[in-house]
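Each chain gets a letter, A, B, C and D, in the order it is written, and its residues are counted from 1.
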Amino acid sequence: MEFGFSDEQREIKATAREFLASRFPAEKVRELAESGNPYDDALWGEMCELGWPGIAIPERYGGQGLGVVELVILLEEMGYALAPSPFISNAYAGALIASAGSDEQRERWLPGIAAGTARGAAEFTNEGGPVVGAAKGSTVLALLTDGGPRIVPTADAELERIPVIDDTRAYFRVRAESGDPLPGDVAWARAAGAVALAAESVGLAARALDIATEYAKEREQFGRPIGAYQAVSHRLANMLWAVEEARSLTYYAAWCADADPEALPLAASMAKARASDAACSVTHDAIQTLGGIGFTWEHDIHFFLKRARVSAQLMGTAAEHRERVASLVGL
Amino acid sequence: MEFGFSDEQREIKATAREFLASRFPAEKVRELAESGNPYDDALWGEMCELGWPGIAIPERYGGQGLGVVELVILLEEMGYALAPSPFISNAYAGALIASAGSDEQRERWLPGIAAGTARGAAEFTNEGGPVVGAAKGSTVLALLTDGGPRIVPTADAELERIPVIDDTRAYFRVRAESGDPLPGDVAWARAAGAVALAAESVGLAARALDIATEYAKEREQFGRPIGAYQAVSHRLANMLWAVEEARSLTYYAAWCADADPEALPLAASMAKARASDAACSVTHDAIQTLGGIGFTWEHDIHFFLKRARVSAQLMGTAAEHRERVASLVGL
Amino acid sequence: MDLTLTAEEQAFRDEVRAWLAENHPGEPPAGGEDAQFEFARQWQRTLHEAGWAGISWPREYGGRGATLIEQAIFQEEMARAKAPRPANVLGLVMGGPVVIAHGTEEQKERFLEPILSAEEIWCQGFSEPGSGSDLASLKTRAVKEDGGWRITGQKVWTTYAHHAKWCMLLARSDPDAPKHKGLTYFILDMEQDEVEVRPLRQITGEAEFNELFIDGAWVPDENVIGGEGNGWAVAITTLMNERAGLGATAALGLQATLDDLIELAKRRGRAGDPLVRDRIARLKIAVEGLRLGALRSLTATMRVGIPGPEGSIAKLQWSAANQAMTELALELGGLEALRTDDSWSYRFLRSRANSIEGGTSDVLRNIVAERVLGLPKLR
Amino acid sequence: MDLTLTAEEQAFRDEVRAWLAENHPGEPPAGGEDAQFEFARQWQRTLHEAGWAGISWPREYGGRGATLIEQAIFQEEMARAKAPRPANVLGLVMGGPVVIAHGTEEQKERFLEPILSAEEIWCQGFSEPGSGSDLASLKTRAVKEDGGWRITGQKVWTTYAHHAKWCMLLARSDPDAPKHKGLTYFILDMEQDEVEVRPLRQITGEAEFNELFIDGAWVPDENVIGGEGNGWAVAITTLMNERAGLGATAALGLQATLDDLIELAKRRGRAGDPLVRDRIARLKIAVEGLRLGALRSLTATMRVGIPGPEGSIAKLQWSAANQAMTELALELGGLEALRTDDSWSYRFLRSRANSIEGGTSDVLRNIVAERVLGLPKLR
């Protein structure tokens, strides 16, 4: 038993950290967020060269044939960098088609999704909510609501951008009459998608914690760094507690997706519930630690707060996932 | 408008504080709690001489003809002293009979209750729970469950002491076949009873806060009084916040009982919910502030914790009262 | 204890209510921020002409000399009528009272009337980028010259600066004195080239506040308040006035938000959800706890004469409740509430500052611990 | 990342499971506390004969030299089989490891085997009434005499003292040295008249702990561990051993409590209440968060060699979850659960100490802030 990353996995993580830090420094994230179109095609191209879009897609379809653990490694780092990217939507579309598509659907769509050339996108929504998902520039959509799981070429759908507070990602309301139904069960892919989003939330919470911690070491008030005051240091300790708990649950859920699918429903709901809550509370507490500066547009922390809040509403809310947890533990 | 006590009310409060401090010092409370019979007849006699049992009973029945505000003043002080006494049960029985009894029932029972000679007792319970209430030595019982509101002479009832963690009060399961039905509506008295119990909880929370605050000023660790550390001082500030909020709501509810009965249902539920929660959390935090010594039998704080927890289960729990609040605000 | 209004208080309430019914200025104009500000200025003139502008000010200075209860009644009626705020809030709530408390006769003569009439708008220059909670560590310098002072430094979180004629400015006049002793309180004329106002954009996207860049601005001696080196004591008066009576008004605002939240819960079909019901009940209890605590404190203040430090608890209650309400709204409203054009997303983001602005929650807990509970100060 | 057991680990688990199936001692006897202790002592002998007692100890000292994973498997199997705890827990978990790490060859020879066999029970004398979190401020004095030390002072929160032969005792051997430097670690023989053990009653009514009154007790030189003046460093080893690996075992206990809680919710007809469901789900998440965090930390420790300070987070998680569970139980159980003869009332009261014993939550947050996050220490 080893609940830690293998050498190969640590290599993936280190590469991602380094690549994302150089390509998505804070100024770049801000520039993309403020531009109105958060996705940079050149940077997407670089990710494709690294093979990221196909990381969890079987090799026979041109992917790397790795698993949800590796996907989660990348997504935690993308959350840490708050990288504006259609990556997660493409990955989720790939997971839906790979796990619930027919052979023909897989043959047709997965190679493009794995290569990143025919970008996929998927609905990140819960039944009953507005149909949010997809990404500008996508080629194929995996839709889940309003007509059941199906594949729709983007050209056949109506996309309407909806303006939400998170500018680091593009959100669309999607309408499509027809579509090619996915014959398989989408439960696994939905759970894996929730875990992927949880990983991103863990990453952004970890970064918000780092930002707040660094500030607390440097900022002085009343003759001391504020991090020497327990009101500040204990808040930061609680933030770490939240991040670490969410991280453990997310890694475990990722492993279940790959190796223990029966345990996945409970594990995924625990991970998404905890990660959403952690990201919301940690980004809030980060602003509290930063004080006034954290309330300015010029400081980056608000981008993290906003992403956390929007992600909390996607792929099932914390309360919805806790209700599932209650059912799954026998209540 | 004046949301504070009148001179007469402050006089009542000061007298109660002084009397209770001299008659129920910590050693006396401990002695009574450990004796197995928490009620001291001589001390009850002294309270009767002060006219307390009849404080809120109309003058024509031998009471002082004051209101729930004055009752709440006494009960907050009794909570502060953690005085083991059948006082609240007698007062609640009096309120039930005075507000829902027939003229004949009032004539028959209230003078004894007001004088404290024919001690009354009442069920402090929610429907559905075990039938807890009454006090040893009582003469008359006001029962609410298992057959509807009615008066039963104690001699006609079966009393079984139930051992709960609070040794500073005696709790009985009551069974009685018959009884003389109360013709009126008991809603007012039940709400007033909940407010009375809330006041007692506010008082005990205030005392627990004082105990913890004094300790934090004196106890030194790492070269400073522990109250200089924000982990401690901010916890104490939060405890004060809880106590003050519960106190404001309780005083208001008491005033509603006397002067604005239409507002009473909402006010009483808010008061009981907040006071129960405050007493539970403040006594918990007091132990945390005291550290190891707070976990010993020889320190008094555990008596407060235990009373708070038992009171939280009487006259409706915080969750039940919040559900009522939700209904009353239109949900 | 009596929470009903006395006959006099009722008469006062009826008077306010009748006047508001007749003089309510209606909806603010559509136009830009300037037009809206002009509307608020005109509204203050109307208030002033009827004697309502300086409701808490002594009559000898053009105020109404209302009791705290009357002030609370007035605020409640204003809220009930959904009347706009007057333009010169900081002048009325802080500037005027400070001049009244610490100013010379000449200063009272010079400054008070234009505050009431909204002819001269006031802003406040206390905070600096480097001194947030630790206000006394501020670095803006005041250098004595003949007949006045040269001021150089930077201020932040200044509301109304772009409309203001005067700024209540705290600066270090003696760099060698201990940090609380070397400060002086100035009234700075904003209409000089040495003062630059830059809008400060917040996480809401709005620029509700400003930064002030002061590069050798001039303040004549007659615009020093309370004397050289006494700035800290004068500033405390300003801050006390800011926080006094906050509770009752804040509770009115929270109740309005709670009403909206209940409406939202119903509209989203969540009114029957026990989890939602429990949280809304908790919020109702919090709002009433704040309101009733404020009324208790008001009565106590009228008895004792000085507002106690309990106002710090009110601020804690208010920020916690307002933040919790907007968080619940996001959960109830889902992605709709997160739209940039939905009012809840704005309220959610704006409320993030509630636990920072006007004293952070950490500092307020320090105040409660030290001044109410008497706990030792951390040195 | 692989959470399944390797073939070796499976074989180990099967071995433990088979052994336990055959050797489980059954229910503890009805009799008094002495009879129960004797039962636990006999059970430890059985464990020791099969080589399980010192599972984490190196083989050369009579242990099994198991890996951390194997230790976790062993604890899990013990919990699954509801096997009792061995009698000499403090000797196995703290005393032995300290002697192994800091003891002389003679001390190892003298002390280790009787710990394993439960022939000599150990207790711990660190805390004093005046020194709780600030352990280094302890006042118990050790005065040098010919061939040994005279100890005088008072200790508190000493478990097993009335059964113990040896006490791990920290005392001040040099009153003039800085407070962390003047301490020495002694092994005190409890069988002397100068040591008095008094039971210490807790809020549960039980006397699980003791007070120790030491009035000139004698410790010969050969029973000093780690040398004069090095007591602090040796004590840290003891405390590190106390906290290491706590998480995984603690999670097992919490899961059992959670199972009882779910059972209680069903029995009280509250399993369908959304408020109850939400709280139980939160607790499940907390328990799994603790368990998985402990496994991650275990893997990291096996890689790095030394346990990290994350154990402090595990302690925070455990105490918060256990307290929250018993609080929910009181709400679900109502007055029934508050009966003195109901196990929940005991568990509720006992759990109040969880956030105090073995490092208060405040101190643990200090540790996390300083050692994990690298924040400055408050001076």
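Here is the rule we use: a contact is a pair of C-beta atoms (placed from the backbone, for glycine too) under 8 Å apart; a residue touches a chain by one contact, two chains touch by 3 or more.
Fair warning: this is a prediction, and the values are worked out from it, not measured in the lab.
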Label of the chain whose CA centroid is most distant from the centroid of chain D: C
Comparison of A-C and A-D (more C-beta pairs in contact): A-D
Centre-of-Cα separation between chain C and chain A, whole angstrom: 40
Distance between chain centroids, defined by C-alpha means - chain A, chain B (Å): 52
Residue list for chain C, restricted to those that touch at least two other chains: 274-275, 278, 362, 365-366, 378
Multi-partner residues of chain A (at least 2 other chains): 229-232, 234, 319
Interface residues, chain C side, partner chain A - complex: 127, 129, 131-134, 137, 156-157, 200-203, 205, 275, 327, 330-331, 334-336, 338-341, 345, 348-349, 352-353, 355-357, 360-362, 365-366, 378
In the complex, chain C residues that touch chain B: 1-6, 9, 69, 258, 262, 265-266, 271-272, 274, 276-278, 280-282, 284-286, 288-290, 292-293, 295-296, 298-300, 303, 310, 313, 316-317, 362, 365-366, 368-370, 372-379
Interface residues, chain D side, partner chain C - complex: 273-275, 278
Touch list for chain A against partner chain C, complex: 129-130, 132, 162-166, 171, 221-222, 229, 231-232, 280, 284, 287-288, 291-298, 302, 305-306, 309-310, 313, 317, 319
Interfacial residue positions of chain B with respect to chain A in the complex: 229-231, 234
